[in-house]
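These notes concern the structure reproduced below.
Think of it as A, B, C and D in the order they're written, each chain with its own count starting at 1.
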Amino acid sequence: MSEPVLKTESLHKSFGSLEVTRSVSIELPRGARHALIGPNGAGKTTLINLITGQLTPDSGRILLDGADITATPVAARVHRGLTRTFQINTLFPDLTPIEAVTMAVCEREGKASQFWRPLTAHAEAIGEAFEILTRLRLGDDAMRTTRHLPYGKQRLLEMALALATKPKVLLLDEPAAGVPKDESAMLFSVIAALPEDMTILFIEHDMSIVFTFATRIVVLVSGGVLLEDEPDVVRSDPRVREVYLGQAHG
Amino acid sequence: MIGNLAIVLFDGLAFGMLLFVLSVGLSVTLGLMNFVNLAHGAFAMLGGYATVVATRELGLPFLWSLPVAFIVAALVSVAFERTLFRRLYRAGELNQVLFTIGLVFVAAASAAYVFGTAQQPIELPEFLRGVTEFAGFRFGSYRIFLIVVALVITGLLVLGLEYTRFGAQVRAAVDNQRAAQGLGIDVDSVFAMTFALGSGLAGLGGALAIEMVGLDPSFGFHYLVYMMIVVSVGGLGSIAGSFVAASLLGVADVAGKYFVPELGAFMIYLVMVVILFMRPQGLIGKR
Amino acid sequence: MLNARTAADPHAWLRRQARWSPWEVVFWLATIIPFYFFPTYLTLASQVAVTALFAISVDLVLGYAGIITLGHAMFFGLGAYFAGLLTKTGWGEPLSGLVLAGLFAALIGFLVSFIIVRVQHLALLMITLGLGLLTAELANSLGWLTGGTDGLQGVDVWPIFSRFEFDLWGYTAYAYALIVLFIGVVASQRIVHSSFGLSLRGVRENLTRMPAIGSPYRRHLQIAYTISAGLAGIAGAVLTQTTETVSLDSLSFQRSADVVVMLILGGTGRLYGAILGAAIFMIARDQLSGMNPQYWYFWIGVLLMVVVLVVPNGILGGLSRLVRGRGT
Amino acid sequence: MFARIAAVLALGVGLMWSAQANAQDTIKIGLIMAYSGPFADTANQMQAGIDLYMQQHGDEVAGKKIEIIKKDTGGPKADEAKRLAQELIVRDGVDILAGFTLTPEALGAAAVADQAKKFMVVMNAATSIITEKSPYIVRTSMTIPQLNTAFGKWAYEKGGVKQAYTLVADYAPGVDASTAFAKGFTDAGGTIVGADKSPMGPPDFSAFVQRIKDASPEAVFVFIPGGAQPPALGKALAERGLTPPNTQIFAQGELTFPEAIKSMGDTAKGIITTFNYTMERDDPINNAFVKAYRDANKGRSPDIYSVGGYDGMHLIYEALKKTGGSTDAAALVKASEGMSWESPRGKMVIDPETRDVIQTVYIRKVEEVDGQLQNVVIDEIPDVKDPLHGAK
């Protein structure tokens, strides 16, 4: 097994007396398709916030390609290839998708500070943005204002923005949250089509999707890792059935 | 020397208390409703003129004119809230700024038209004039009165918000409007009541301010900046925050002028900038 | 067919966003009208142009980058004083004075930006206000340099290109202010339509997302704030040069507040909203105060309130909705 | 090239308009004052003085009709005043600029008066340098050094104090006043034991008053603008026990404006102030003026601003009579120089050298008269000139 691309070492985070992340150590090898599951309030989103830097851990380390990024600011982690999406749409309501994604591409290329050069002079960036949008089936909507897009397309745009940063590691926080079942299948087919060497960790509640797309599953309960293994093992683990599935159905 | 310091601090505290009464209503309405009411100073001015009319034209004693100032400002403000301001709750803060500034213009022009541009002196009862000697020090009687009034108001507000049904509703609405609505709280009328309370306090502050800082049609503009300083330094929606901020600013201002008079004009702004840079949410702010 | 193709071409679409509309051409042609038909309004027109430029500088931070400010007169005044003091050293050439004043204000803006980008919302508003008031107090207490409340004395600006004197009617003043405004608008448009301008809009639209797409947004804000400060400084310098006066009022809170009011009145985030707001506010003030010097601001207040109730996005916002509504 | 021709043509059209205005038999006077904003009261009092004069003397002079055009600056804004002056001349075709409640207004307009060669009458703004900015400027108010240098000398020689502390508002007039008082006082032999400047923000003087008390001087000299500050300062002084006769309080007259005295009550007793006009001065011209003023203004009393406006109009009327209605600035200035008359303030002369007023400086003391506190004239210093012009 090769060196993991992303690795956390006993991450801890508390809010006051509430421990939301306890001693989480996970590893994502190159090209991973890991799912992060767990009941509501298990600390899944908090963990992503910790990894991407929206939150600072109380203790523990985060390593990207072997380098310690625990204290690295969010934007710098993105530049190193660690990107996330948000469970609740975090978009630019008054921009069009082509503007938003072009912006993300320009930011990646370090061209966003050039205030004297017209945007249209960055033809490659615009082309790349449009290519990403087309790939995500947003080509026809690229020039519509984001706030007027249907919800499902906004979820796609959420992902397009992340892809524009050319991530090595992509953390997807419930990419299909709130999307009807038939559309969510479409969304995951987009995810499945992402380059094989891209490392992906996704949070998802729909178990059928999890078992279809994930090659490995991390089960998080009350802030700690309960189990990490292959789908078949997780599926048959009695603790998971009790803690997670039992609760989900109860 | 220590005595001098004490008296300077006392004076600063009294001035701070005036700022507190003027500002606390703004803090509550801004914190509760997210409504940027730059006309708060105009309601204070209204209270001031109400007191002037009540004492001079109607012959009421000064103390009795204070509730009049409160009630007049509260009633007028609630009329505005019901008819105009409520349309702006969802209109964004820029629109709120523009609208309420417009109202301050209108209020200032109206005051100049009705009352003229001159200062409006008021006559105080004998026991509020002059000084009270205590332990060899001379304290301004009116300043003592101001501090007492401010403490009473703080007490009433804190108790009212902690222990009354209305207070619970206000706190619930501040924390989470939607949840409060779900609990069957009539958020609409809670807003109206809070607004009336906040503006009433401004009116009371305006009445109390005449003796200390005078009253003319530019009052609404003039004291707006100080009100906003108190509110921001104290933290939105926090009564205790406004109290602490107002005391601190009053004392810092007077102490600054006393010890480093060259910096007198800068003190209050410097303190504000430094505090807000360190604690953007204010001294006792939630957000 | 052609329509469908252009609609699908993002390059063409983005180019179209940055293109001049016929309205803009009409607008700039209209700015020449005062020379021929309202020659007695030229001094007012020149001050409208100055204020419009100032409002544009505020629009860059408030309308585009979402930095709300109540202290921008600080940079306007610094530019004004710098331009005035420069002439007192014996160098009264206006164009270089303009550039130097702008650079000076931009430098101060750059220093201040380190504070500004670390706070938001009410704290940001109050810190800008506080810094503005501190600067005004500083200018007052440096009476030996600034002349205090009496204003700076002995400002002597040379004729432009050693030829065009600032005349009593205001021909030179308006032409000068108008040209500077035009250059300011063209430069601002270039900035707004750059990749940088796009990122600024991103910051305004969603501050949380910016770092998540790898944006060093604080640096963007610093650049925007610096540029805006420089532009405000240039506006102040034009005022100094066209009036040969500088008073403490150029740094006052009232000027900071007025310009924000004008900007909101015209409509934020559109550049032309700033110009329109400044023009409407100042012309209304001139006409109303001419009719009733004592109580004119009553009607200004009514104007502001009515605008909010009728066109909540500012006058230009309302107009553009009207035009678009008709178009489709 | 085309643009240039067009500009010349337009200029011609514009000049025709203004020439048209001149052709008629009216004389237009443009008043530039801060009618709105925090200094509005000053402008309103001055306007009332102007109105009263015109009401008493009619609106016709030398066969021409006088027309007033009012412009509001909104505050101490030099650029605004300059623009308004330009507009008054090119748009409204005024012949005379007048008013000017605040120094920056006068300084802003001065350059325009000079360039356009218009007669300019400063009716209040009190910084010395104003009349030096153009040979067409005449002032009918006073200058701060004029009053306070004389006052400083008086305080030492007749006020019975050898040392004093100065506290002035931290703005240009305040600085002028403290310099002037200190000069008069120390030249006469006195010592200034301390000097403070209080910011123009909210009127809370307790810290400065405590500093004065710490220094325990024989006297305090105070200069603050009218409005909210005088009563606040008066009360703060009294709270610390800094009251006459133990500590003499000297001030320019703003401190004891009628509203301020009313608000201060008994604590105002014994305060000694200087002004160039005192409404309580018993004199037939003044008494008639005060009565007429009160009748016209709902009982409001006149103050120095009212008199500045009243005398300013007198100067304009009389100068026009001398020139036979000509509004040529040089002629009007010539007619004004040396002009002398009995005003409600007493005898006043326009100094032919400086175009400032030579007048009596009154020393007043707050005393109880018929159960009412008021300013009572206790001394007069006749024929005082502005001391600063002489030095230049």
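FYI, a contact is a pair of C-beta atoms (placed from the backbone, for glycine too) under 8 Å apart; a residue touches a chain by one contact, two chains touch by 3 or more.
Remember, it's a predicted structure, so these values are computed and weren't measured experimentally.
J.: What chains do chain B and chain D have as common neighbours?
T.: Chains touching both chain B and chain D: C.
J.: Closest chain to the protein's overall Cα mean, using per-chain Cα means, please.
T.: So the chain sitting closest to the middle is C.
J.: Using C-alpha centres only, name the chain that sits farthest from chain C.
T.: The chain farthest from chain C, judged by C-alpha centres, is A.
J.: Distance-wise, how many Å sit between the C-alpha centres of chain C and chain D, to the nearest whole number?
T.: Averaging C-alpha atoms per chain gives centres 36 Å apart.
J.: Roughly how far is chain B from chain C, going centre to centre by Cα mean, in whole Å?
T.: That pair's centroid distance is 33 Å.
J.: Roughly how many whole angstrom separate the Cα centroids of chain A and chain D?
T.: For chain A versus chain D, the centre distance works out to 73 Å.
J.: Taking the mean of the C-alpha atoms as each chain's centre, how many Å separate chain A from chain C?
T.: Taking the average C-alpha coordinate of chain A and of chain C, the gap between them is 41 Å.
J.: For chain C, jot down the residues that touch at least 2 other chains.
T.: If we look for residues of chain C contacting two or more partner chains, we find 137, 140-141, 294-297.
J.: Where in chain B do residues touch two or more other chains at once?
T.: 112, 265
J.: Quick one: which residues in chain D touch 2 or more of the other chains?
T.: In chain D, the residues touching two or more other chains are 36, 40, 44, 170, 199-200.
J.: Please categorise the chain-chain contact pattern as a line, ring, star, complete graph or other.
T.: other
J.: Per the touch rule above, enumerate the chain pairs that touch, sorted by label.
T.: A-C, B-C, B-D, C-D
J.: What does chain C use to touch chain D in their complex?
T.: It is residues 35-36, 39-44, 47, 137, 140-141, 143, 147-151, 153, 168-171, 239, 243-250, 254, 289-290, 293-297 of chain C that touch chain D.
J.: Could you list, by residue number, the parts of chain D that touch chain C in their complex?
T.: Chain D residues touching chain C: 6-7, 10-11, 13-14, 17-18, 33, 35-36, 40, 44, 70-72, 74-80, 82-83, 86-87, 89-91, 103-104, 107-108, 111-112, 115-116, 127, 129, 170-173, 175, 199-200.
J.: Using the touch definition from the top, list the residues of chain B that touch chain D in their complex.
T.: Those in contact with chain D are residues 4, 7-8, 11-12, 15, 112, 116-123, 129-131, 138-140, 143, 211-218, 222-223, 226, 253-258, 261, 264-265, 268.
J.: Under the stated contact criterion, what part of chain C meets chain A in this complex?
T.: These residues of chain C touch chain A: 7-8, 10-11, 13-15, 18, 190-191, 193-199, 201-202, 205-206, 208-217, 219-220, 223, 227.
J.: What residues of chain B sit close enough to touch chain C in their complex?
T.: It comes out as residues 30, 84, 87-88, 91-92, 94-95, 97-99, 101-110, 112-113, 225, 228-229, 231-233, 236, 262, 265-266, 269-270, 272-273, 276-277, 280-282.
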